Structures are given as structure tokens and as C-alpha cells.
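Comments concern the structure below.
Chain naming follows the written order as A, B, C and D, and within any one chain the residues start at number 1.
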Amino acid sequence: MPGSDLQERGERSDEQVSGAKVIAQALKEQDVRYLFGVVGIPVTEIAVAAQELGLRYIGMRNEQAACYAASTIGYLTGRPGVCLVVSGPGLIHALGGMANANMNCWYKECCLPPPVSMADTSAVCQAASVIRSARQPLLIVGKGAAYARAEESIRKLVEQCKLPFLPTPMGKGVVPDNHPNCVGAARSRALQHADVIVLFGARLNWILHFGLPPRYQPDVKFIQVDICAEELGNNVKPAVTLLGDINAVTKQLLEQLTKPLWQYPPESKWWKTLREKMKSNEALSQELASKKSLPMNYYTVFYHVQEQLPQDCFVVSEGANTMDIGRTVLQNYLPRHRLDAGTFGTMGVGLGFAIAAALVAKDRNPGQRVICVEGDSAFGFSGMEVETICRYNLPIVILVVNNNGIYQGFDADTWKEMLEFQDATVRAPPMCLLPNSHYEQVMTAFGGKGYFVQTPEELQKSLKQALADTTKPCLINILIEPQSTRKAQDFHWLTRSNM
Amino acid sequence: MPGSDLQERGERSDEQVSGAKVIAQALKEQDVRYLFGVVGIPVTEIAVAAQELGLRYIGMRNEQAACYAASTIGYLTGRPGVCLVVSGPGLIHALGGMANANMNCWYKECCLPPPVSMADTSAVCQAASVIRSARQPLLIVGKGAAYARAEESIRKLVEQCKLPFLPTPMGKGVVPDNHPNCVGAARSRALQHADVIVLFGARLNWILHFGLPPRYQPDVKFIQVDICAEELGNNVKPAVTLLGDINAVTKQLLEQLTKPLWQYPPESKWWKTLREKMKSNEALSQELASKKSLPMNYYTVFYHVQEQLPQDCFVVSEGANTMDIGRTVLQNYLPRHRLDAGTFGTMGVGLGFAIAAALVAKDRNPGQRVICVEGDSAFGFSGMEVETICRYNLPIVILVVNNNGIYQGFDADTWKEMLEFQDATVRAPPMCLLPNSHYEQVMTAFGGKGYFVQTPEELQKSLKQALADTTKPCLINILIEPQSTRKAQDFHWLTRSNM
Amino acid sequence: MPGSDLQERGERSDEQVSGAKVIAQALKEQDVRYLFGVVGIPVTEIAVAAQELGLRYIGMRNEQAACYAASTIGYLTGRPGVCLVVSGPGLIHALGGMANANMNCWYKECCLPPPVSMADTSAVCQAASVIRSARQPLLIVGKGAAYARAEESIRKLVEQCKLPFLPTPMGKGVVPDNHPNCVGAARSRALQHADVIVLFGARLNWILHFGLPPRYQPDVKFIQVDICAEELGNNVKPAVTLLGDINAVTKQLLEQLTKPLWQYPPESKWWKTLREKMKSNEALSQELASKKSLPMNYYTVFYHVQEQLPQDCFVVSEGANTMDIGRTVLQNYLPRHRLDAGTFGTMGVGLGFAIAAALVAKDRNPGQRVICVEGDSAFGFSGMEVETICRYNLPIVILVVNNNGIYQGFDADTWKEMLEFQDATVRAPPMCLLPNSHYEQVMTAFGGKGYFVQTPEELQKSLKQALADTTKPCLINILIEPQSTRKAQDFHWLTRSNM
Amino acid sequence: MPGSDLQERGERSDEQVSGAKVIAQALKEQDVRYLFGVVGIPVTEIAVAAQELGLRYIGMRNEQAACYAASTIGYLTGRPGVCLVVSGPGLIHALGGMANANMNCWYKECCLPPPVSMADTSAVCQAASVIRSARQPLLIVGKGAAYARAEESIRKLVEQCKLPFLPTPMGKGVVPDNHPNCVGAARSRALQHADVIVLFGARLNWILHFGLPPRYQPDVKFIQVDICAEELGNNVKPAVTLLGDINAVTKQLLEQLTKPLWQYPPESKWWKTLREKMKSNEALSQELASKKSLPMNYYTVFYHVQEQLPQDCFVVSEGANTMDIGRTVLQNYLPRHRLDAGTFGTMGVGLGFAIAAALVAKDRNPGQRVICVEGDSAFGFSGMEVETICRYNLPIVILVVNNNGIYQGFDADTWKEMLEFQDATVRAPPMCLLPNSHYEQVMTAFGGKGYFVQTPEELQKSLKQALADTTKPCLINILIEPQSTRKAQDFHWLTRSNM
């Protein structure tokens, strides 16, 4: 490391100190409250100076995670988070976080309370008229609506007009997931048959299948509500675009649709179809969840987690099936309380996000918890941040949903059998991780609580204890069926001849 | 695109498969033997195809470490290593590795056995004449000499001409550290008083204090031997530059200096000065090493490690004091058997380097071990790769030299006392990590062996066991004095008023 | 050039042809009407295919100018212009144009008719209230207002509320320069003493002295009307920000200020001060313009040009004094009819801009002219485009205001004297160009008309002829005082001893 | 920032002046002799300061050309040339030059006299043995040989070993083109049938058809002599690679082949084949050159130019056919006296190169001329630099070989006929330029001499006058057959229906 000589390390030059103070003071004036980073010769002084001014400095274990944490702060608090890194390798390690933040459209609007713009009045009229004439309408509530703090106005719109709505992954909670008008449990059906869809800060990217058939009607009419002109008209030709602050525009729309009040008939065929589909889907999930076979499947796990999930907790999630299936089962009741790997699908963000959310929770509402639902592979990207969690004693419960691999893995017996004649460096399939790893020991290593869980009963019990004990972070390592959710298939790894 | 839909994941299109085979075949033709990475939708097939052709695929836990591993392979084997990442976040995570490799000048020469160039004959004569007239000569053996496999010729030069030499961090082992002509133990003295210095693939960067006074004589004559013209004449104006393959040029020089044989008088005042300085420095280290107070200091730890260090092991190291002090005590006897954080000072490289070295060791010489000496902060950057080490059962012994912080930390009592009235998020100094963390449990979590060590006796015993048991990886967590090597200073953290 | 072999040139592969057709078709569908470029192996086919679909391809002489031309089309027509370049050097030559377009905020909004957003109603009320309470109000009309086609609403606001306004360089003509409320002739005074300034798409960059004292009152209240949130609050802390489409927001403001009607008193002291300052400034200009000494000064030249300037012409301009002084004298009566070097101050843009404007003029309004006012140095950057102008017979009159240099030059006698004893490569001052260059011959070389003009009478006559003859492009080379507008100073070039 | 305020321009701050002096002094210490640029606010002072120290500043008309000029100086003089540009647009305009210099491998080696490296002795032996066993050997002399100033050693090798050689475009003149061993006139044959090819600083890029069949024997043995390891083994697998300074390596090779002397039999079948092919090709050229039909063809033009070309002149060239055909007819007798558009094929480099060459010529050898052979399209990229040439009165003769287009154009009658019913903006083919343009007037506009030439007699006469009159620059505009060298083809432009 440049500057590694002991003598040099010992000397804190006056210039560095005063420069650090100037920077810290500037951050304070911008109302920055949290800094994340890994200190090194030239930035330690800045961290110290920031602390002296009352800002929080959270020392992380890798700049990657530090940057993911910092980027979350803006979304949660409306004020910028700062990532403090040394030049050279530190900066490069942080690039992942910066790219991720950018893809999720965080950053730049934080610096001043942004002015509010409204949509063109005539376009609002036109949108209202399209909605009124819809036979199978659908609202989609996206991350942009959460970011714009539009929860009140959107909820009013949903309730007064009696419209079905669907949240995107990070739009969950803007209107509570258990709201009777939420049709998340009939997502595919709703998307596929809607004739008018209003997008509130939701982007037609891969998560929403780009807005294209066969996942949508070819002649579906999209109404886009967004703050960002460049997003309008991407992939599809919208019927109406409403450019402006999402909260302000929703209010405009609400006014148009409620004076005089227009309501979508709650006994329409469309509502009936959606309710039936939800019922049958929920029954299917319920059936999967109640399977008694061991190891557990994803649905069993998430069913039990949902049962005990505190209503006000933050839910952070990353992984493949873990994130996808978890999102359908775990409910959010508050806006901006779900954080997941997002548009960019970046693995390694979870613990950084959870740390940021826990800091915010701790300051706002002592007792509030962060539940961090990780796939086992995802956890590996930044698992060492568990030490950070323990050091700062953050109110985080990590669930590692462990299938021994990426997408899928092997059970311990198959693994052992596979290695009987040859070495893992020759023979281990690329998606396999070590079976039955004790990730919970990564938590106990730093004084937190850890559980190794193989049955529904153990899961219930460990969750109960973890949520009851507010003095320590906790990790519950949940073993599930390694080939879970995949159809039976030929087991080609063991049968390939020339390996 | 992150392909989160289950259906999409299930479909392995024919195009992907055949494209993957083409890539794998091309890698094989380039004589690539090892791939490192984290699989994801589009690259899993490549990993599988590579395995089918007999290449090794090593699945890592974060692209950062994967890239550090891949970059090491070129240095160790002369053949390129490959890092397999998904586009987007995977690529960005890998940037650190690529930047590091570049700063260390690895990569590009690997693709074909490079042609050999020699130095201009007249310049060689001139260099020989400068050496012959030197009163206080010094050879510096750098990483470039290791890379050029110049060990035989440089050793001959040292021995036949009876010249003192000094290795750079990664030049260690080109000539064994215990060679009587090695003046590593009098490094500062040797640099400061030499009148002629011959650099063999060593760069005058911060590690060598840029070649400038007061660390050097103002009129010191540098002779630079290097393959890279752009490196010649940086920072200093060399007396002679020898551009060419370092091995070939050393042979040219050797011929000039040995026909007829010229020898530097072994009883010169210069040799006497150096020998005396080495003796006094070694006595000082010895004194530090033999201190009985607990917690141990760095010298005590490395003294005991050196006692048991196998002569043929790879030594990988990263950290601040851990790397710097460790380098002076731990000896290398073979070229290209020391890997450290290098020119760029990147933290997080250690486990990736160790994994690569272990693969090479395993294939070449079963029984050979990799000793990975990590500072506790450094370990945190990629500690989850311990699972990788266990999964592939790699012959690695990790030593975490644990001072509870970055540069320095607190002991457990001080830490506790500090938090009595306020929270760690408010009060913890930026360089502190959690005291007495059980890093060894990160190893036991995955089935490896772990030791928590606080005394010289425990250290000796655990090292003995770790080196004797070749069936499992091992981590020895060595607690040292948290304020080790730092002068006593006011304890301003606890006394600052307004925090 | 890659692919320069005759055989290869002769072969137009089928793939290239069909690829070219696909690209041309896509451009047509985006409603692209004009392409500019320099053809080469891979792009000739695209140009041909575009022509076959009825698009215009204008072959330029350097990619630099082609890109400047293309970037103008978006501003003038609201549809994207396209620049067609070969890869490698062609692309690099075009970078200047791309950077310039970006600095001027052209490009990206062109692709779809953008949705319109309005300002927050409460912010509009607040802005109206600030304006109503202003004692010395000022409107500044910027390029953004021109781009947003807000001419009608801004004119109404100016007239109904009787407010003074000031155009920025490219805001000229949104409201005609000869409007009685235009206070351009008292620019410095107006900026310096206004207490409330409303910016309509005008940015507080160097052209507006960053909005800072001493050019402004320290407590001036800025109201910013802009489409771009990132521009709001730069350099100054605005009193109110109105984010939205500038035309829509102006209408909102107009409604607030006219129902009931509020008017700024036309007999206020502020109006009196401004009118007096305008009168005295105009008298000063008039005095300078009427000077009879030869060579002419800038004011004399522009005074005569203004006398004959057609009201509907485009005015394009670049240079230093030429652009700055010309802008104050030459009047614009129509929006989007002035193009100059803009925010970035790029030299070399003039002829490209003029060519684009001429194409638009020719299609919209045969008989409309483009007057391109160039400094002599500025003309040199892309003077060869005169061939392009002649080839397409574009209705352009170029005025080269020629002071034999950059900022200033020498007269012919001084030049000759200076070279009596030494060569120009040794002695010529960096800002001097060849005296009395016959730039008009660059026009006659390609069949256009050229005039070499040294007196007011010659200038009047040549302008009259140039504007009367609509069959040919024309260049009037106007010699002015080489040291014009500069105070007398020591003539150090001739007196320096050791050159 | 473009500093358009008059006041600001007037003030030369003391800091700027002293900073400028420091820069100028540093340039002088690096032995920089020539600066090229376009001045503006912050760099004028540097130009002035440089002049005061005796450096030459050449003010150009566009940064593009300035950068092309600066990059040439390194190649011609071995000392760096400097391009002085303002930040922002100036820098961007200069990028073309920088990219071009990089592709041609100029720049960086200039800063210090580079150390010389030699090839591995055993590789030299091996190369000599391959050459000795060759049945159809060929030497290719590239720009790298010129750059390395290897003319003497390569000429000795050619003559003592009696080997046939072929120069690349910028390798022309290392050994004179009229040397009896030069087989340039049988280029295709020589490449296609050689069994051993030695490349001296010549790269197997598109100019040499990448070294691949069918332009080469599939089993041809390449011996590569180059300073740059990365270039070795590109595209082909060479039989031997000799890495080192090209001049030093050629001497090593020469020693191997001449002690004892080995000679390739001058009466071999290979020599006979080559001589016959040269004779027949030269007859063909001669026949084309002697055609009496008007307009002239390329061969007629170059034949007459070659007749009068001074042996010591620099030849600069750019264009498509103009450069390709001109290169085969115009002879070079001195190394580093031909400059053309090079590897990158950049158009617009010619006048910048010519200006740089003229400065060098003027200083070294008064009376020496630069002949700049330009296609008409190529001339348009930087034609305004003619003013620069006239201002500094540089000894340049520009020949514009004018075919009214890019690759090809129309004659005046066809052009007129084409425009009878429709406008050029609709109808002009992309590759056509204005027919019969009087480019020579671009020269007379600035006081140089100009000729408009349509017949061989006019060409002869104008060349004679131009070369005799050393007091003024000159431009000869040579009209040639617009469809020259292209087979008859359907004239689809006039017959396309819907245009």
C-alpha cells in the first residue's frame, strides 16, 4: 500500500487534517448523515473529521459493499449517502455500487429538494378519459412511486376508483401488499389481459417483460407517469404520457377521476377473473408450502417466514429463486421498506443494503428490524460484512436460503459420491457450492446468534427467538431441497464419461 | 440480462451451447488451463464446456477474487489464466483484478512464448565497466527477474562476482533469502550508501522510494535491466540502461564480468558495514521476537512462523504491518513463490492469489503448501472465499494476524468501556474492527480446521498440527497486541467531549 | 484507407447493400430528413439508400463541419439530423460536433415529440407573487425558450405585464429585438440593478456571468423556468424554480399574472433608467458606426449590415469580437433564426450551421437567406465548406469581418516591415494571419460571387448586390482596422531584441 | 472558458505569463523545436513565451491540421513536436491527430534517446539459416526501418546478399526506389510467390493484406524484425522473430550472412521472374501514361510529375486512387521523405504533414521542396491551411489531382444535365463534388501561385515554373478523367425513376 512506511503513517500532516475538516464540513452542510467506507491513509482523517461533526461513519469490509450501502441511503432518506474510498483499488472496488445506483436511478436528485413539475393538463384529461373507458384496467406501482413518496395519493386513487393494482419488486408497500385491490397473486393474468395499464414510476424493462406480447395484449394501452422524459416511450408506444413528479401527477389524475367521482365496477367480469385467479394461485402456493417432505422447498420456508414477519420491518433480498419466490410470498406494508437486487440484478448488494436500512431504522424507530433474505450464493459475495453488522450491533436478521448452489446444488451424499474417484477441481459442476455449509457460524464467529435449520419446526422456533431477542444480530441458515423448483432431469454430471 | 424467469433459466438454447463450445475450444488451443469465475446465465455453459475439454473451472464467491486468482496464473505458469464473468455487474466487480494485474505488468505477454531480445553489446560493456569501478555496489532483484525466470543467471552473477543483493517483495526467492550475499536485513543501509545499483526488473516506484535522496546517495549510479523501454529513465537518470530480456541480458553481463573473472572483494569495508548492520538488525528483531509479554507482537508471531515454514511453500501476503514486517522475517527459497499485494497495494487479493497458487501446487507437487498471511482487515475483503478453498479442498493454511483493526485497533476491554454510554455507530473509531473476532470459525463453518491462538505456545502447536494434517485447509487466528508497533499516544477517542 | 484496393472498392457486397437499406428505412421512420457526412467505403451505400427513400444527403468536406450541421437540424426543425461518418478517423473528426451539441443541450429530446410537463401550481403562485412585488423586474429569454417554441406565450407575458426583457445570444428573436420592451441595449445596467429576474430557459453560465455579483445585485431574486431539473439551482440559490416545459409554464405564469391582470408600471423609475441607458448606449454605437476613418471599425460594418438585413433571414455567427459586437447590433425578428458559437464557444461551427439553416430555409421558404457573419480566423476552421455551399447552391451570404488576425492582427505595411530582416516562421506573432487575404476568392473558386470591400460605400453596394442576386452564394470580405477596439499599446513585436 | 469579454481579453495576468514561461522553458529543455496550434485566451502566452526562447510557433487554421503537423515532427527529426490547443473544443479537434499518431506508432519514444536492444543471438542464427535456405526470398522494408534510421545497414544487406526488396508506403526511400534490387513494380507477384519474407519494421496489416493467402503462399516463412513485442506474431505465426532495435538487429543479421559472405544468386529463376514482371508492369504503366486522350488519367499525370520531381524533395500524399497510384509511380530516393495517410487511412493529414516537412526542409536544406499530392476530396479536409503556407511562405507545391469527387465524380456537362430538372440537394450523388472547381484560386487568394491544368503540356509547363520559382508556394489543380480507372458501368444516377 502506498505510504506503508511506519514513519509516514505516524505523521498526520496539518494539510491533511484541515483538508479533511473542510470536506467533512461541506458534507454536513449538504445534510449528509451517513458515510460508508474502508479507511486508508488519505481518507481516515475525513472519517474522523466527519465523526467529530456528528456524522456517522460505518467502516465496511470491502468497498463494494460500502458503495451499495451508501447508494441505498438516498432512496431511504432522501439525503445523499457518501462512500469514502481510497484512490486506486478502493475506487475500482466501488464501481459496482456506482453502476448499480445509476441503473436504479438513485443519486443525483438528492442534492437539493427537487422542484416539482406537473403533467400537462390536457394530457391528464386524456389519460383520465382512457382510464374511464377501460374494460380491464390495471395500475402498476413502481419504484419511482416509492421514490416520489406518492403513497398517499396512489392509495386514494386505488380506493376511490376501485382499481386493481400490481406492485413492482421495489414498488411493493407503496400500497400495502395485503390491500384487497392488490392483484400480485394474479400477476401474469393481470398483465396478459389488461386493456389499459397505468404505470406509476414503473419501467418497461425485463422485469415487466418490456411491455410486449405475448405477456401483454398486442393492443394494450399504456399510460406512463414518470419524472424522466427519456423513459417515456421506451419499448412501447404509450397511449398517453404524463411527465412530471409522480405524486403531483397522481393528484392531478385523482382530481380528474373523482370530480365527479368515477369508479370501476367492483363486480365486473375482470375483477371476478382476477379474484378467481388469485384464489387458485394462493391455493397452489399454500399446497406447496404445506408439503411435509424434507428438505423443505422455497414455499414452505417463505410461508413460515411470512407468518412471523413484523409488519414494519425492512425486507432486503437478493438471489435467484430466493429473491423471485420470496417476493411473491413475503408481504410489504410500508413504502420504501423493500430493497432488492433491482433492475441490474446485481449480486452482492444485500448486506450493504441491509446495513444502510438498519442504520435508518435504528435512528428512526428503535425496535424496527431488517430481514435480509439471501440466497447462499448471493450471501457469499459480501458475507464478511457480518462482522460489520456485529461490530455496530445492527438489528438485522439474515436468512440464508441454502440450496448448496447457484440456481441449484447437490445434497451432501451426492457430492461425496461424486468425489469418490476424482478431485473437486476436476469434477465439481460450476453451479455447485459446498453442501450443508454452516453459514450461521460466520455470524457466531463475531458474537451474533446463529441457527442451522432443517425442518419447519426448527425454522419457526429460530425465527421466534431471533425476533424476540433484540440485543444481537442473527443468521438463520435454512437448508432446502438442493434441486428445488426444478423438474426432474437426467443427472448428467455423474454420468459424463470422459471426466 | 439477469434472467430471473424460471422458464428462461431452464432453456439452454442450442446457440448458447455451441457458442460456449467454440470459446472453450479456443481457450484450450491457447493452452489455458484454469478458469475462475462466478457463473450466471450466459457463462455457465462456457464453464461446463471447458470442463468437458479437461480445463479446470474454479467457482469463486465474488468476481473480485476470481479476477485476482486468474491474474496470478500467468505469473506462476507462464500461461494465461481466464476470469469468466457475466456482463454488467460481474464485469464491474472484476475491474479491481484487471487493474491490479495491469499495475503488476501481468497479462499480455502470456499469449505466445515471447521472443527474446538482448541488450546492445556496447551498453553491456559500459555497464560492466561501471560495476567494476563501483566501491559500494548493490544488485536489486525485482519481480521482473522472477517473471523472466532469470534465477540461474542472477545467482551465478551474485556468486561469481561476490556481489551483495537485495530482493524486492516479489523478487524474493529468485536467489534464496538465506543466501549469504542477501543483504535484506540491512535494506535501508544498503540503499542509502550504495554508489552503483543494478536493477534487475525492479522498478523505482514507492516501494523503492523512487530512487531519490535521502534514501539514496544523490550521485548513485543506476544500471537498469528491463524488458520495457518505457520504464527506463523514470524518476532517475540512469547511468546505463540495458533493454532486453532480463535473463538474456544478465547472461551478457555475466560474460563481460567473468571473462576474465572480476570479483568484488569480500573483505571490503562495504561488505563489513553491511554485515554488521545485518547482525545488529537481526539481534533487534530477535529481541522483539523473544518478548514474552502478551498479546504477542508481530515479530514474535513471524519468528515462530518462520521456524516451521516449509522451504518449498508458496507465501501469499497482504495487509499493512502484517505484509511489511512479515516480508522481512519470512524467508523465500524458490523463485515465484511469494505473492503479495504488489505495486498497487490492493487489499483483497490474498485469497484469490492463494487459491491460484494452491491449484498450481496441487498439480505440480502434491504435498506443497500455500501459506497465506493476512492482516485481519485484509482478510475481510474476500474472506468468504474460504468456502471455495474448502469446496475444492485446497492445501492452504491461512494465518490471520489479528490486531482488531486497520493499522491498529482496541482490546476488548477498551472497546466495551468505550460503548458503555454510547453506540458504536456514533463512537467507534474508523480503524477499529470488532475485538477478538473468531475468524477461525469462518473456516470451521465450511469443514476446515480452525485455531484461535493467543500465546507463542498455542501458535507453535497449531502450526505444527496445521502443517502435519494435509487433508484439510486450515485457518489460524492469531491475536496480537492491538496497538502493536505504535508509540504510546493520547487516547483521544474516549476523551473527546462532544461525542 | 482501409479497403483502398481497387478490386475491393468495386465490389458492393449484397450484405452491405441490404444493411444500408435497413438503416435508411429506420432513419426515415424516425422522420429524419437530412443526413450530413463524408462518404467512405462502408457508408456510401447508406447515403445512396437514404436518397432513394427521399431523404437528403449533404456531402461535406470534413466530418467536423458535417457534425456541426447535423446538430443544428434538431434545433431548427425539432427532428433529428444525422451525421454519417466512417469509423476510425471519421468518427474522431466528428467528436467536436458531438461535444458542441451536448453542451448546447441538443440531441436527445428529438426522437419523439416529447410529452409536456407543467410546473407545480403552488410554485407558480409563489413565482407570480415574487414578480408582482418586484421593484426592478427583468425577464431573460434564453435558447431554451426558443427550443420550447414558447414565443407566443412569452410575448404575451412581456406585453400584457409590460415587463422589460433581455434575450441571450440564441434567445434573440423569441420576442423581436426591436420590441419596445427589449432592453438589450442596456444589458449591463439591467442585469446589475434588477431585483427580480425570471430566466426562461436561460442558464447562468459564463455568458450571464454565473448570476453572481458584481454583475448582479447580491440579493437579486432569480425565478428559473426550465425543463431540466439538474440546471435549477446551479451557481445561485433561486427564489422559485418552475420545472416543466417552458411554453406550458409560461402559460401558467401568464394566467396567474393576468387573472386579474397585473401590470408593471411603465412609468416606473426602473423603466426610465433603462430607457435612458439604452438611448445613451445607442448614441455611442451610432457615433462609433458613423466614424469615417479607414479601415472601418466593427460598428461601422455592422451598422451597414443591419440597414440591409432582411427581416426573415437566419443569422449565423462565430468569432470573437465579430460575434460579440455583431450580436449587439444585428437584430433578430423571428425565433430560432440566430445560431452562434454558443455556450462552448467552439470555433468552426459557422459554415456547418449555415448549411443546415440554408437547407431548412430552402425547403420552407424559398427566397429566405442565411447571413453568416464570420471572423477571419473562425472562417479558416471550415472555409472549404464553401465548395459544399456552391455545389448545392445554397442561399448563403458569408461576411468575413477581416482584421488580419485572431483578436487582432497587423496591417500589410507593418507585416512587410516586420519580415524585412527575418522570416515569418521566426517572427510572426501567434495571433497574426496573413494581411489582406482574399477570402472572397475561396468563393469565386467554386463559382460563387465574391467581393473585397474596404469602404462603407463598397460594403453597401456589395450587400445590395448580394441580397438582390438569389442565384448564387456570395462572400463579402470586409477589411477592418486590424487593431480595432483595442487601446493603443506598445508595439513590442517589432522591438523585441533577441529575435 | 471562451473569454469573450473585451476587458478580460485585455488583461494578461501575471500568473498566466509566468506559468507560460515555465512551460516554454520546459519544452525547450526537452529540445522541442516546433509548436503548432491555434491560439486562444489561455495559450497565446505560451506561444509568445516559446518564441521568446527561440522555438518556432506555427499558427494553423484548425487544431486538426495542427495536430497532424505536430505528430510528423517526431518522425522527421527524432524530437517531439508539440500541438498547442485551447481546452474544450480545441482539444477535441485535435483528437484526430492524436489517434493518427498513435496508429502510426509515433510519439512516445521521442522523449529520451531510447536505449538500444538487440535480438537474441540464437534467433539471429536461426533467421540467417532460414534466409540462406530460401529459394524465393523477399525483404520488406517498413516505416519502422525508417524510424529506426536503419537505411545504411539495410542497404548493405540488400547489396551484399543481392536480395530483392519491397518498400511499404512509408518505407519508401530507406533504400532508393530506383535501386536495381527494388521489386516494387512487381509487388503482387513478389508477395504471392516468396517462400521467405523478412519484415523490417513492416506490419502485416491491411496494407500488406494481413500476410494471408491468397496474396501469399500458405507456407511462406515470415521473419519479423521489430522493436515492439506485441506486433510479433500478429495474424501469422512467424518462423523467426527478432525483437530489438531494427538497425541493431539488421547489423546482427548482416554479420551472420556476410561472415562468410552468403549471396542469393542473381541469375536465379526468382530474380528472372521478378524482372520480367517488373518490365511488363512498367510497360503497362508506360502505355497508360502515354495515352493522349483528355481529360488525362492518373498514370499520365504521375508520369509527368515523376519526370520533374527533385530527387531530394519530400513527397506527402493522401487520397484514394491518388495516393495508391501515385505511390507506385513517384519515386523516393531518401529515407523519411515520404509521408502518407498511413495505417489508419486518415483523410485531412496532408497539409499538416506538408507544413511540418517544409519547416524541417527550410531549416536543414534551403531549396529543398515539399511536393504534396492531394486528391480533391482529401484537399478539402484542410484546404484552408493554404493560408498558413502562404503566411509562412513555405516551400510547398501542392498538386490537386482533381476527378470531381470521392473515388469518382461527374464531368461538368453530366452535372449540369443532372440538375436540369431537380436540385442538387435532392439529386447529387454522395461521392460527387462540384465539377471543375478552381482549387488553385484558394492559393492565389493568399498570394501564392496557382495553375489550372487540363493537358500534359500545361502540366509540364506549370510544374517547371512551380519548381523554378522558389519565392512562393504554388498549387497546381490538375483535371483528370472523373471516372478514371473504373470500368464502364450503368449510369444509374440519371436513370433512377423516383428522384
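Note that in this section a contact is a pair of C-beta atoms (placed from the backbone, for glycine too) under 8 Å apart; a residue touches a chain by one contact, two chains touch by 3 or more.
Here is each chain with its UniProt name: A, B, C, D = 2-hydroxyacyl-CoA lyase.
All figures in this text were calculated on a predicted structure; none of them were measured in a lab.
Novice: Could you tell me which chains are in contact with subunit B (2-hydroxyacyl-CoA lyase) and with subunit C (2-hydroxyacyl-CoA lyase) alike?
Specialist: A, D
Novice: Touching subunit A (2-hydroxyacyl-CoA lyase) and subunit C (2-hydroxyacyl-CoA lyase) alike: which chains?
Specialist: none
Novice: Taking mean CA positions as centres, which chain lies farthest from subunit C (2-hydroxyacyl-CoA lyase)?
Specialist: B
Novice: Distance between subunit A (2-hydroxyacyl-CoA lyase) and subunit B (2-hydroxyacyl-CoA lyase) based on Cα centroids, please, to the nearest Å.
Specialist: The computed centroid separation for subunit A (2-hydroxyacyl-CoA lyase) versus subunit B (2-hydroxyacyl-CoA lyase) comes out at 38 Å.
Novice: Centre to centre, by mean C-alpha position, how many angstrom separate subunit A (2-hydroxyacyl-CoA lyase) and subunit D (2-hydroxyacyl-CoA lyase)?
Specialist: The answer is 59 Å.
Novice: Counting in whole Å, what is the centre-to-centre distance of subunit B (2-hydroxyacyl-CoA lyase) and subunit D (2-hydroxyacyl-CoA lyase), each centre being its mean C-alpha position?
Specialist: The answer is 49 Å.
Novice: Multi-chain contacts only, two chains or more: what residues does subunit D (2-hydroxyacyl-CoA lyase) have there?
Specialist: Within subunit D (2-hydroxyacyl-CoA lyase), no residue contacts more than one other chain.
Novice: What pairs of chains are touching here?
Specialist: A-B, A-C, B-D, C-D
Novice: List the residues on subunit A (2-hydroxyacyl-CoA lyase) that touch subunit B (2-hydroxyacyl-CoA lyase) in their complex, please.
Specialist: 1-4, 6, 9-10, 37-40, 44, 47-48, 51-52, 54, 56-59, 61-62, 64, 88-89, 92-93, 95-96, 99-100, 206-207, 320-321, 323-324, 341, 344-348, 359, 362, 377, 379-384, 387, 390-394, 406-407, 423-426, 428-434, 437-442, 444-447, 485-487, 496, 498-499
Novice: Using the touch rule from the top, collect the residues of subunit C (2-hydroxyacyl-CoA lyase) that touch subunit A (2-hydroxyacyl-CoA lyase) in their complex.
Specialist: My answer: residues 108-109, 112, 114-121, 123, 229-230, 232-233, 241-245, 248.
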